[in-house]
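The same chain A turns up in both complexes below, where it pairs with chain B and then with chain C.
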Partner chain A sequence: MRETWVAGAASGRFGRLSETGREAGTRVALEAIESAGLAPKDIDLTVVSNCFGIAERQAHVGPLLNTGLGIPEVPSLTVESACSSSSAGLHEAYVHVAGGFADAALVVGFERLSHLDTLQATSYFAMGADYPFETRNGATFPGLYATLARAHAERFGTGPKELGAVAIKNHANGARNPHAHFQKEISESTYLGSPMIASPLRLYDCCPFSDGAAALVVVAREAHGDGPREPLVVRASVRSGSIADLQDRPELTGLPATRLAGRRAFQAAGIGPGDLDLLEVHDCFTIAELLALEDLGVYTPGRAGRAEVEGETARDARVPVNPSGGLKAKGHPVSATGASQVAEIFEQFNGTAGGRQVPHPEWALAHNVGATGGSCTVHIFGHR
Partner chain B sequence: MRETWVAGAASGRFGRLSETGREAGTRVALEAIESAGLAPKDIDLTVVSNCFGIAERQAHVGPLLNTGLGIPEVPSLTVESACSSSSAGLHEAYVHVAGGFADAALVVGFERLSHLDTLQATSYFAMGADYPFETRNGATFPGLYATLARAHAERFGTGPKELGAVAIKNHANGARNPHAHFQKEISESTYLGSPMIASPLRLYDCCPFSDGAAALVVVAREAHGDGPREPLVVRASVRSGSIADLQDRPELTGLPATRLAGRRAFQAAGIGPGDLDLLEVHDCFTIAELLALEDLGVYTPGRAGRAEVEGETARDARVPVNPSGGLKAKGHPVSATGASQVAEIFEQFNGTAGGRQVPHPEWALAHNVGATGGSCTVHIFGHR
Partner chain C sequence: MSDGGGPGEAASSIEGLRAGFEETGRLRGFRSACGFVTAIWGLRCPQCGDRLEPASLASTGRILSFTVQTVPSDEFLNDAPYAYVVVELDGGGRVTGWMPGVRGDDEIALGARVRARSSYKPGVQFEPAGDDGGRGA
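Now for the complex of A and B:
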């Protein structure tokens, strides 16, 4: 296994694209390549994620993107794993590079759905659930995550105080992130006054539909050596799965895929949850951040909510969670999300995260979930 | 690099599915795993291809498929590269297994579009082309491949005799393949009497829209050793790209991605085109088979048509091409196609190809193209 780095990264501003997804993807790809001190001709493989490219009538987008980069001969593929698509793409890039099949791989995730109306966009998102057994019976993701939130509430008493703390903290972080979809703080009364979407989840418990693009450059240390920026050394790149449908799971107060990927990732990295200085976790709904922190072992089951309320996850606390603003405030352009989490950690490791900078993180974890946890990817990054 | 085998394979009958794509995929996956002498619990990774799952309102299908196989915890991803999706999936599985990241990987490709009308199905297929520059201007694949056929005709005099020879030969092979969509021979007069679709391509120059599913099991020799069937030893697994849009290519009488992948594959395998005993090539249109044979170096440019006319590519000739019937007669369920080519070679290596059996093939090549050659995958297989 070769030592493998994320040597470059870039993220556009999330929200609404005035260009096609592929144009946005090409732009961030060029920025990521430049940040790695490389040129497009150094890239051996392009791994694209663009779950809902069909909403732009475009499949097979890799060759178009590579042509735009001036490297049409380079192989490309599109990787889909619902909301964890571009972290799955990073894992594929990692396997190619660590295994010696490529020296430098480009990971690009982009999504554009804002040209659709909300109903159309919702129906695209819902394709990540099990159509015959969930979607066709009326379940969409707010309802499915509300089911998880209710189970957590019943067992641990998790309520608006705990869920609201996640929303308020992530909006506070997003307000300091120029890439974020929502750059405004919210108060507890704003949170509590927001309409109920799927009880107990209010509007401010839900991440938005966002357009956006993010890109990473993955290299073998032995092939490309030091670049202009501080790299993320990939200490663990782990993927897992679980029973996709909630109705078939033995319990609903955690995501089994996160538990499995987390356990294996800490084993691979040789560290424990207590060693982390920074986490970017999958908070498509506020409850998801609590589940992530408990399933990863950062907090014992039922304890994450109190930690959020007490400020233990804030940007200036010992272990900040989602300093980027998370999916909740930074936004959730499905296929760009996983790559953007890693792009945030890249800025944090380089000390270039501006108003949301975390002081000198040594170890960071990125956690990205597909749908309600049918898939999960966990990456752990350290320094050279 | 660990020695890597395709140790199991299965293909359903192509044509029209009366079940969902995912049900068909689960069925062939179980058959492929059984043919490898393994159980689902032996699988470490599932690589799915299902380009147009959205036509069944289903993305993120890997966890659903794994759940059906009884291995929900196994990571999965969906790989798309237009018509070369499941050969790209095989390449990913190969990289994971050869690189030591998995001991056994399942590759499954399935597609179901027959519940749509022809216009809808065409519009899905067309998403593999460049939307703003090709599709939006009216170009669909019959027209794009007709453009390639015209360029070949102008330079080499390729006409209905040469194109028809491909169609007639592949239908003759399909008539002996119980998995084929079209199991009937056609005569030269039937070919010539078929309506013009996009001049010079007639109806019988075009592959059909098919539903279908195919699966492969990829293992490390050192991990799983001999199974019940003769394995395909992967001697080369190579992917490439090219400028996707025809209008931007310097010439149109061949596909640059095939040339590049072919050259690298022969180099990796340490053999030349003259060593092959059997080829499954991408004949979405008859012209594509001629381009493939010339771009791979089996015939010099402009010579493949005459070889087809003279019977050099027939099932009982020295080097049979598309004994399965090819995309032309076996059918083209987009995401199942690449895996089904390899499933055919698996049957041929095992001597279980029935009425279309090729005597004792030692070396075989599978060639799979995405769209008009924006992507290409070439695999070369030998024996233990």
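Now for the complex of A and C:
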């Protein structure tokens, strides 16, 4: 397999788009291509993610993007894996480039849901769950993660102190990220005073519904290894799955798909969790960040909450987790999220992350979950 | 326990499982040679890959996890707040469902015994069951 890099990346401001997802996706794609020192004509594959394109009455968006970029003849495909769509798109791009089927692949994820009301948006999000066996039985998406939080609380004593620490830390990071949906710090009393959505999860345990777009350019070193910016060398690109429905998994205190993808990714990269000095993990709900850190082996089961409370995951601490603000504060435009995590690591590796810069990261991990863990993607990046 | 015509036909489709539950109030699912029991439709066992055989499931069990949802999905718009529960059934298998009228965490508990029942909605509804396991019903 060929050495493969993320040579360009771009992420727009998350929150509310004043244009269609298609327009935002096309703009951010061009920005990513140019950041790699390439032109659209250098792209030979476009991988698009836009889970809820139906909310904009649009499918088959790849050719629309390519046409708008002036490369209508380039093949495109759409990758859908719920909230892990564009990290799955990155994996497909990696497979093509590493395998020699493309020299430069464009990965684009975008979403626009802000024109829907909360009820409609909640119903769209629930589509990632099992309709006849979860949603029709009353589950909402926060509700499903709440059953995990309840089980974690019962086994390890995880409560509002631990969950709140995740929210407060990620908001503090988001406050320093000009791309973030929420650029404001929150206090413990604000967290505790926010209403219950699905007990034990409060409003401030939940990521927002966001619009947004992010894009990556994946190249073979041997074809395009002379770009203007410091690339992310892909040391592992791993996807996994697990039983889709929570209730049929052996336990509710972790996500088996994360454990599987994490184990395989560390094996492929030849490093362990202790070598990481930067993580962007999937914190759609605060409990999800704790599960991610435990399932990846950064902390032993039941210990991530305490580490968060003690500040070990802060931007300037030993293991910075979600310096971007995470899904929690940066926002969660479903199909843009996976690509935006990698765009954050790209800025961090280039030393251009401004007020949220982590000092000299050597090894970074991006972790992205589809729905409640039926899918998972883990990427590990190093330097040249 | 009478099987009311056997679980096979009802379990042959997702719609059959739903209609069977609505008509009889009895839960059906599948059992595999490895001992895995599931209420979720499939052709092969997600644990061992072997055949899934249709099976009757108990309608009573204990709450394994729960949440009280104040923001519902559109199909439950007029029902919030209510509990969404994961239930470990007596005799194996887990089923999820909703419990109307549960307004807060202090009105429900892990380990509490519940009984599945059909209602005016297509999904599985649970209600509190006595410590006799619901067999008195």
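Throughout what follows, the second predicted complex is superposed on the first by the 384 of 384 C-alpha atoms of A that agree within 3 Å, B and C clash if a C-alpha of one lies under 4 Å from a C-alpha of the other, contacts with A are read in each partner's own complex, and residues count from 1 in each chain.
We adopt the following convention: a contact is a pair of C-beta atoms (placed from the backbone, for glycine too) under 8 Å apart; a residue touches a chain by one contact, two chains touch by 3 or more.
Keep in mind the model is a prediction, meaning the values are calculated, not measured.
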Next on the checklist: One more residue to check, A:Val108. First (chain B), second (chain C), both or neither?
Outcome noted: neither
Next on the checklist: Output check: A:Leu296 vs chain B and chain C. Expected answer is one of first, second, both, neither. What do you get?
Outcome noted: neither
Next on the checklist: Is A:Ala146 touching anything from chain B or chain C once the two structures are fitted on A? First, second, both or neither.
Outcome noted: second
Next on the checklist: By the touch definition at the top of the document, which applies to A:Val79: first (chain B), second (chain C), both, or neither?
Outcome noted: first
Next on the checklist: One more residue to check, A:Val321. First (chain B), second (chain C), both or neither?
Outcome noted: neither
Checklist entry - Of chain B and chain C, which one touches more residues of chain A? => result B
Next on the checklist: Contact-wise, after the overlay, does A:Ala172 reach chain B, chain C, both or neither (first, second, both, neither)?
Outcome noted: neither
Next on the checklist: After the superposition on A, what does A:Ala339 contact: first (chain B), second (chain C), both or neither?
Outcome noted: neither
Checklist entry - A:Pro132 contacts which: chain B (first), chain C (second), both, neither? => result both
Item to check | Partner chain(s) touched by A:Leu119 [first = chain B, second = chain C, both, neither] | outcome: second
Item to check | Doubly contacted chain A residues - partners chain C and chain B | outcome: 123, 126, 130, 132, 135-136, 243, 245, 248
Checklist outcome for this item: Contacts from chain B onto chain A in the complex sit at residues 1, 20, 51, 53-54, 56-60, 62-64, 66-67, 71-82, 88, 92, 95-96, 98-101, 123-124, 126-132, 135-136, 239-245, 248, 256-257, 260, 370-371, 374-375
Checklist outcome for this item: Given the complex, residues on chain A that touch chain C span 118-120, 122-123, 126, 130, 132-140, 142-143, 146-151, 154, 195-201, 243, 245-248, 252
Checklist entry - Can you list the chain C residues touching chain A in their complex? => result 14, 17-18, 38-41, 46, 64-77, 79, 82, 84, 86, 94-98, 104-105, 110, 121-124
